[in-house]
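Right after this note come the structures.
After this come two complexes, each holding chain A, first together with chain B and then together with chain C.
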Partner chain A sequence: MDIRVDHLSKGFADTAALKDVCLSVRSGELMALLGPSGSGKTTLLRVIAGLEMPDEGRVFFGEEDATHVPVQKRGVGFVFQHYALFRHMTVAQNIGYGLRVRTRSKRPPSSDIEARIRNLLALVQLEDLGARYPGQLSGGQRQRVALARALAVEPRVLLLDEPFGALDAKVRKDLRRWLREIHEHTGQTTIFVTHDQDEALELADRVTILKEGGVEQTGTPEEVHEDPATPFVMSFIGDTTCLPVSTRDGALWYDGTRLSVAAPAGDVQVTELYVRPWDLAFVKEGEPDALAGTVAAIRRSAGGRRASVRLSSGQMLEAEISTDSLLNAQDIVFLRILRGKVFRDT
Partner chain B sequence: MSVRGKSQTRSRFRRPSAIPGFPLAFGYTLTYLGLIVLIPLGALVLRASSLGMMGLSGVISDERVLSALRISFGLSFAAALLNAIFGLVVAWVLVRYDFPGRKLVHAAVDLPFALPTAVAGIALAALYAPNGWIGQPLAAWGIKAAYTPLGIFIALVFVGLPFAVRTVEPLIVEIDREIEEVSATLGATRAQTLWRVVLPPLTPAILTGFALAFARAVGEYGSVIFIAGNIPYVSEIAPILIVIRLEEFNYAGATGIAVVMLAISFATLLVINLIQSWSRRRFGYV
Partner chain C sequence: MSEAPKPHRPTTEARWVRVTTTLVSLVFLGLFLVLPLIAVFVEAFRSGVGAYFASFQDPDALAAIRLTLMVAAIAVPLNLVFGIAASWAIAKFHFKGKSLLITLIDLPFSVSPVVAGLVFILLFGAQGLLGPWLRAHDVEIIFALPGIVLATVFVTFPFVARELIPLMQDQGTADEEAALSLGASGFKAFWTVTLPNVRWALLYGVLLCNARAMGEFGAVAVVSGHIRGETNTMPLHVEILYNEYNFVAAFAVASLLALLALLTLAAKSFLEWRYGDAIAARAAH
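Let's turn to the complex of A and B:
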C-alpha cells in the first residue's frame, strides 16, 4: 500500500510539531524516519496511524484519503517502543486480540485464529512461548510479540515507533537483522521511527531525515550518506567536523592553507567545509596542502580508532587511523583533506 | 549456636536487604498485631464462649437479631457494590480529566473519612427527613428514605465511597495510554478497549475497594443511627442492637451478636481475598 502524506502541519499547545511535511512511501518499502528528539518524527508516525489529527494537510493510503478515517478503521499495525503488551493476556491472546475483537461477520473462525497465531509465533520465533505472560518474557521477546500482534490484523502499513529503543545493544542488532528478514518475507509496507542513524541506514530502503518538524532530505541510505542535502543531514548522519573556510582564486582556503578540495564552480561563496573522519590522510611535513596539528587523544571504538587532532589554529579535527598505527598522543602530524562537502550559503 | 547457623536460620524468612532492622520490625509487627488486634478479638471470643453453644444458638435464633444481621450485611454488601462501581467512575474522572474544581472534588472525596460519623449521620438525617431538602422531593415521588433501609443504604454508601475511590485511583494513574492506543489500532471499539484491556487489570483493586467499603459499612454506627430510625425488624442494624443489649446489661447477648458479626465478616473478607488472589493471577500478571 502506497502511503502519501501531503503538506501536513500539526501544532501542539505552544510549538509546531510538524511543518508542511510531504512524504511518500512506496508499497512494500521499508522507510525510516530519522531525526533527533523533538524533530516531529513520532508525531508524523502517529498522524499516519490516526492517533493524532493533523491541523492541515492530508494522509493518503493508496488512492484513499485516510485523513479522517478513525484509527480503528485505518488498518495500521502500530508497535510502541515500550511494547504496550496486554499484560493480563498470554502471548497467544495478545497476538489474537486484533482478530477476536472483530465483529462476527468479519471475524475468522476460531480455528483459523488459532492457526494464524501459531504461524505468527513461528514467524517471530516464539513457538513455545504462546502460553506465557508478557511479564515472563525478555525485552526482545516482548517486542517480537508486539510485532506479531501488529502483523496479525494484516495491516495496510506497519508503523514502528523506536522499536528497539528500549533494548540493549546486542539484542538491538539481532532484532534489526531479524526485522529486515521479516520485511523481506512479508513485503509489508513499513515505516519506522528512530534517532539512531546506524539503524536507519542499515535497515531502511529509504530514509527521511527530519529536523524541527520539517523534512530535510529523503533518499536511499547511500544518497543521504554520500550526498547530504543540508549541513544538518551531513552532521547528523555520520561523524563530521566543520571547518571555517574561505573561497579565493577558485580554491578553498583554511587558515592560510590552500586545500586540495575543489571549490564549487561559479562565483559561489563558501564558508564551511564538512569533513568526515575517513576522508583525511596523514602526509609528510612540507606538503603544500597539509594542515599541521598535534594529536590530542587517541580513542578506540567498536569500529576502529580515531585520533583527535588539534590544528595549529586550535580547531579540533577527528581523523580515522588504522588499527596498527603507531601514532601517540602529543605527536605532531600533517593532514591532507581528501574530500569534503560544501553547501552553498543561504 | 554458631554465627553461621544463625544466619542460615534467618535466611529462610528474609532475603538479604539493604535496609536494616528486620528483627526489630518483625518483633514490633507481632507485638502490635497481638496487642491491638488479636488480644481484643480473643477476649471477645472468650467472653462469648461463656455463653456456650446453646446460648450462642439462642442469640442467633432470635428473630430480631437475625433481621438486624440481615439488614447490616445485606445493605453493606449492596452499598459496597454501588461504591465499587461508582468509585471506579469517580476515580477515572479524577485521574483522566482536568476540569475546573478538580482539586476541590479530590478533597471532597476524602470528607467521609474525616468527618465525625455522627455529624455525617445528623446531616444525612436532616437532608433525607420527609421535610428535608432531598427528603421532600423524594417524598413527592412517594419514596421514603429516612427511617427505612434505603436511608441506611445511603449512609453506608456515603462512608464507603473514599475506600472505593482511593484504592483504584493509583492503578488508573498507572495505566499506560499506549495500551489503549494499541487496542484502537488493532481495530477494537472503545467499549471493547474498556472491557478487554482497561478494566481487567483493575479488577483486584476494585475488589480491594469493595472489601474495604464493605468492612467499613458493616461496622458503621454513627452515621447510620440517625437516619435509620432503628425500628426493630425494619431498620435496625446489628451494631445498634449490640448497644441496646449492652444498655440492658445483657453482656452475653451483646457479645453473642458481636461474635457472629466477627465470624461473618472474617468469612466474607477471606472469600474476597481468595477471589482477589485468583483475579490477580488471572488479570494482574506483572
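Let's turn to the complex of A and C:
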C-alpha cells in the first residue's frame, strides 16, 4: 500500500509539531523517520495512524483519502514504544485481540484465529510462550509480541514508534536484523520512527530526516550519508567536524592554508566545510595543504580508533586512525583533508 | 588485627530507636484501636448471647439495618459510576478546569459531614431554596430516604475516584490506543482493556466506599430526622439506643457495624495481596 502525506501541519498548544510535511512511502518499502527528539517524527507517525488529527493537509492510503478515516477503520498495525501489551491477557490473547474484537460478520472462525496466532507466534519465534503473561517476558520478547499483535490484523501499513528504544544494545542489534528479515518475508509496507541514525541506515530502504517539524531530506541510506542536503543532515548522520573556511582564488582556505578540497564552481561564498573523521589523511610535515596539530586524546570505540587533534588555530578535529597506529597523545601531526562537504550559505 | 565491623545497612537505626518506635506504634494502636473494638464486643455480650441476639429481633433495629443496606446499595453504585467517569476524564483527556475537578473531588474529605448535611437542608428543606417547589410537587427529600442517600453519596464520592485517578494517570492512554488501532470500538476498548487494567483498584475503592456509606453518621444525622423504624440508619440507631441507656442493644448493633468494618478490612488486605502482584507486574512492564 502506497502511503502519501500531503502538506501536513499540526500544532500542539503553542508549538508547531509538524510544518508542511510531504512524504511518500512506496508499497512494500521500509521507511525510517529519523530525527532528534522534538523533531515531530512520532507525531507524523501518529497522524498517519489516525491517532492524531492534522490541522492541515491530507493522508492518502493508495488512492483513498484517509485523512478523516478513524483509526479503527484505517487498517494500520501500530507498535508502541513501550509495547502497550494488555497485561491481563496472555501472549496468545494479545495477538488474537484484533481479530476477536471484530463484529460477528467480519470475525474469522475461532479455529482460524487460533491457527493465525500459532503462525504469528512461530514468525516471531515465541512458539512456547503463548500462555505466558506480558509481565513474565523480557523486553525483547514483549516487543516481538507487540509486532505479532500488530501483524495479526493484516494491516495495510505497519507503523513502529521507536521500536527498539527501550532495549539494551545487544538485543537492539538482534531485533534490528530480525525485523529486516520479517520485512523481507512479509513485504509489509512499514514506517518506523527512530532517533538512532545507525538503526535507520542499517534497516531502512529509505530514510526521511526531520528537524523541528519539517522534512530535511528523504533518500536511500547511501544518498543521505554521501550526499546530505543540509548541514543538519550532514551532522546528524555520522560524526562531522565543521571548519570555518573562506573562498579565495577558486579555492577553500582554512587558517591561511589552501586546502586541496575543490571549491564550488561559480562565484559562491562558502564559510563552512564539513569533514568526516575518515576523510582525513596523516601526511608528512611540509606538505602545502597540511594542517598542523597536536593529538589531544586517542579514544577507542566499538568500530575503531579516533584521534582528537587540536589544530594550531585551537579548533578540534576528529580523525579516524588505524587500530595498529602508533600515535600517542601530545604527538604533533599533519592532516590533509581528502574530502569535505560544503553548503551554500542561506 | 582489628575486628571487621559488622555489615550494616545505612538505613538501619540503632536498636533502641527501632524498639522504641515499634513499641510506641503498638501501644498507640492497642490503646486507640484494639481496646475500643474489644470493648464493643464485650459490652454487646455483657448480658449473654441470648440478649445479644434478642437485640436484633427489635423491628426498629431490623428497619435500621434494612435502611443502611438500602442506602449503601444505592450510594455505592452511583459513586462507582461517578468515580469511573471522573477518573477516566481526568486521566485520559485534556480539558480546562481539570485541576479544579480534582480539587473538588477531594472536597468531601475536607468538609465536615455535618456541614454537608446542612447544605442539603438549605437546598431541599422546608425553608430551603427548593423547599416550596418540592412541597408543591409532593416530593420528600429531607427526613426521607432520598435525603439520606444524597448525604451519603456526597460523603463517599471521593473513594472510588481517588483510587482510580493515580492508577489511570500512571497507565496513560497507550493501551487504549493499541486497542483502537487493532479495530476495537471505544466502548469495547474501555470494557476489554481499561476496566480490567484497574479492576483491583476499583474493587478496593468500592469496598472503602461501602464501609463509609454504611458507617456515615454526621451528614446522615442532619438530614434523617431520626424517625424510628423509618429514617434511622444503623449508626443513628446505635446513638438512640445508647442515649436511652439500652447499652446491650446499642453495642449489639455497634458490633454489627464493627464486624462489617473488619470484613472490609479483611477483604482489603486480601486485595492488597492480590493487587500488590499487579503493581509488581506493572513495574516490571
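By our rule, the second predicted complex is superposed on the first by the 346 of 346 C-alpha atoms of A that agree within 3 Å, B and C clash if a C-alpha of one lies under 4 Å from a C-alpha of the other, contacts with A are read in each partner's own complex, and residues count from 1 in each chain.
We take it that a contact is a pair of C-beta atoms (placed from the backbone, for glycine too) under 8 Å apart; a residue touches a chain by one contact, two chains touch by 3 or more.
Here the structure is a predicted model, which is why all the values come from computation and not from measurement.
Asker: Would chain B and chain C fit next to each other on chain A once aligned, or clash?
Answerer: clash
Asker: Could you tell me if A:Leu338 is touching chain B, chain C, both of them or neither one (first, second, both, neither)?
Answerer: In the superposed model, A:Leu338 contacts neither chain B nor chain C.
Asker: Please indicate which partner A:Met316 is in contact with in the superposed arrangement: first for chain B, second for chain C, both, or neither.
Answerer: neither
Asker: By the touch definition at the top of the document, which applies to A:Val101: first (chain B), second (chain C), both, or neither?
Answerer: both
Asker: Just to be sure I read the superposition right, which of the two partners does A:Ala131 touch: chain B = first, chain C = second, or both, or neither?
Answerer: neither
Asker: Across the two complexes, what residues of chain A are contacted by chain B and by chain C?
Answerer: The overlap between the chain B and chain C interfaces on chain A comprises residues 49-51, 71-73, 76-78, 80, 82, 84, 86-88, 97-98, 101-102, 133-135, 149-150, 152-153.
Asker: With touch defined as at the start, can you tell me which chain A residues reach chain B in the complex?
Answerer: Those residues of chain A that touch chain B are 49-51, 71-78, 80, 82, 84, 86-88, 97-98, 101-102, 133-135, 146, 149-150, 152-153.
Asker: Would you mind writing out the residues of chain C in touch with chain A in their complex?
Answerer: 174-175, 177-185, 188, 192-193, 196-197, 199, 278, 281-282, 284-285
Asker: So in the complex, which bits of chain B are touching chain A?
Answerer: Residue list for chain B touching chain A: 176, 178-179, 181-189, 192, 196-197, 200-201, 282-286.
Asker: Using the touch definition from the top, list the residues of chain A that touch chain C in their complex.
Answerer: By the definition above, chain A touches chain C via 49-51, 71-73, 76-78, 80, 82, 84-88, 97-98, 101-102, 133-135, 149-150, 152-153.
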